[in-house]
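The structures come next, written out as structure tokens.
Across the two complexes that follow, chain A remains constant while its partner is chain B and subsequently chain C.
Let's look at the complex of A and B:
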């Protein structure tokens, strides 16, 4: 987990202290932030991808390793044309009751499909991307999982990437 | 707890930190819950054997003899969650 050195940018003051109390030593300080990339064309002409830590994956793919004490550093490609019934969640660290009833509450794939069909956004990348957020090695997370997903996002021709924690 | 924190604890033999981490992991961030979860898994394993059912000891011994220690350790974590799930009292819905 990464702490921002600028406390004023915390969405929830005190969050890091809470996390650090529960998981001592999990905090790291980062000073080398990558600036947000500006949108280069209108959203209605942009191809959107979605990256989520919800642990959503196509049925039949290798389940995320939710029991490993150090975490799972792999990701799954989720075809953006998927029907929610084609997908499942492998995750035990956040409440999944609602998402099991309606996947869109955590992984709004049908909303993205609708927005693309209505030309609110230019289109969707062939795949969305999902992983589990329970990872105890922040450096490995950044070095492997984040890099791997970034490469996959670029390869899929995304103009816009929406990142959503579970 | 980061991996580095755990490795440092291993290096200095600080098992208290390691045990606390295991409890936090198995209790979804709640140490007391994690302790109960460990007990729950052992109780479930014990209950399954009280009637002395026939078990596949050949499989067990073969697995222990032929598989590497890391795979067996990974299996141990899987078995914990398997037994907890069998107990019917599942806390891992993220609400802790």
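Let's look at the complex of A and C:
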């Protein structure tokens, strides 16, 4: 591969292999696809939620345990009306130099608020949902954290969900 | 995570910078951007780019035809950084 042809490819290739070699069994692999859920109404009438593994949380909430050897399987609710200055990041596994200057590069809460105000989307769920991506037991994540967040997303009345796996 | 939400009847789309992990984990819909980790929506203060990536993801949510479909955006990290730097320099000159 040449540098030129790499420009629209993954900036850091081989992530799955690299992490799985270092921590065998820590990476998720699926053999099948889940059926697509249909949109029930137009986006302009749909309430959107945002789920992020960026470790963003309201100031004053219990910080994620970023040094636990097998990870932190809890999540935080982030009120969708928050200002970026209400929030902070607890994680150690991705570069945050962009996010410390402008949180929207990883948690674009102000863009969501604008799109809702412009009625591009019908609205926002009361909360967004945040956790940390450093979790070494994918089976436990799937059985606990994924189900907990999915239930919370349903309880918050989401019609559509956008996710950003940091 | 994304699969668990889709299983409950809520359409989902993710924005990813790690295409190989996406190919392994097989989410229902994804938009790939060739950006640095932690910068899924671009660079600081570049509101238009942040918005463009969100709108592409929402459009993919509506238009994706099969589970696992990935949309590729025709933008490079170098271009995003150049534009972000220009925005920061312009802001600096105004203050």
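Keep this in mind: the second predicted complex is superposed on the first by the 143 of 166 C-alpha atoms of A that agree within 3 Å, B and C clash if a C-alpha of one lies under 4 Å from a C-alpha of the other, contacts with A are read in each partner's own complex, and residues count from 1 in each chain.
The working rule: a residue touches a chain if its C-beta (ideal position, glycine included) is under 8 Å from a C-beta of that chain, and two chains touch if they have at least 3 such contacts.
Since the model is a prediction, treat every value here as computed from it, not as a measurement.
**Q** Where does A:149 make contact in the superposed view: on chain B (first), on chain C (second), on both, or on neither?
**A** A:149: touches chain C, not chain B.
**Q** Would you sort A:109 into first (chain B), second (chain C), both or neither based on which partner it touches?
**A** In the superposition, A:109 touches no partner, neither chain B nor chain C.
**Q** First (chain B), second (chain C), both or neither: which does A:51 touch?
**A** Only chain C is touched by A:51; chain B is not.
**Q** Please work out whether A:124 is in contact with chain B alone, chain C alone, both, or neither, and reply first, second, both or neither.
**A** Neither partner.
**Q** Output check: A:95 vs chain B and chain C. Expected answer is one of first, second, both, neither. What do you get?
**A** both
**Q** Between chain B and chain C, pick out the one touching the greater number of residues of chain A.
**A** Of chain B and chain C, more residues of chain A lie in contact with C.
**Q** Once chain A of both complexes is superposed, is A:161 in touch with chain B (first), chain C (second), both, or neither?
**A** The second partner, chain C, only.
**Q** Just chain B (first), just chain C (second), both, or neither: which does A:87 touch?
**A** A:87 contacts neither chain B nor chain C.
**Q** Look at A:140 in the shared chain and tell me whether it touches chain B only, chain C only, both, or neither; answer first, second, both or neither.
**A** first
**Q** Using the superposition on A, tell me which residues of chain A are in contact with chain B and, in the other complex, with chain C.
**A** Residues common to the chain A contacts of chain C and of chain B are 27-28, 94-96, listed in rising order.
**Q** Help me check something: in the complex, which residues belonging to chain C touch chain A?
**A** Within the complex, chain C contacts chain A at residues 1-21, 23-29, 32, 34-45, 47, 50-51, 54-55, 57-58, 61-62, 64, 66-68, 72, 74-78.
**Q** Can you tell me which positions in chain B touch chain A when the two form their complex?
**A** Within the complex, chain B touches chain A at residues 1-6, 8, 17, 21-22, 24-25, 28-29, 74, 77-78, 80-81, 92-95.
**Q** Report the residues of chain A in contact with chain B in the complex, numbered from low to high.
**A** 22-28, 66-70, 91-97, 136-138, 140
**Q** Could you please specify the touching residues of chain A with respect to chain C in the complex?
**A** Spelled out, the residues of chain A in touch with chain C are 7-17, 27-30, 32-39, 43, 51, 53-54, 94-96, 98-99, 101-102, 104-106, 108, 111-112, 114-115, 120-121, 141-142, 145-147, 149-150, 153-154, 158-166.
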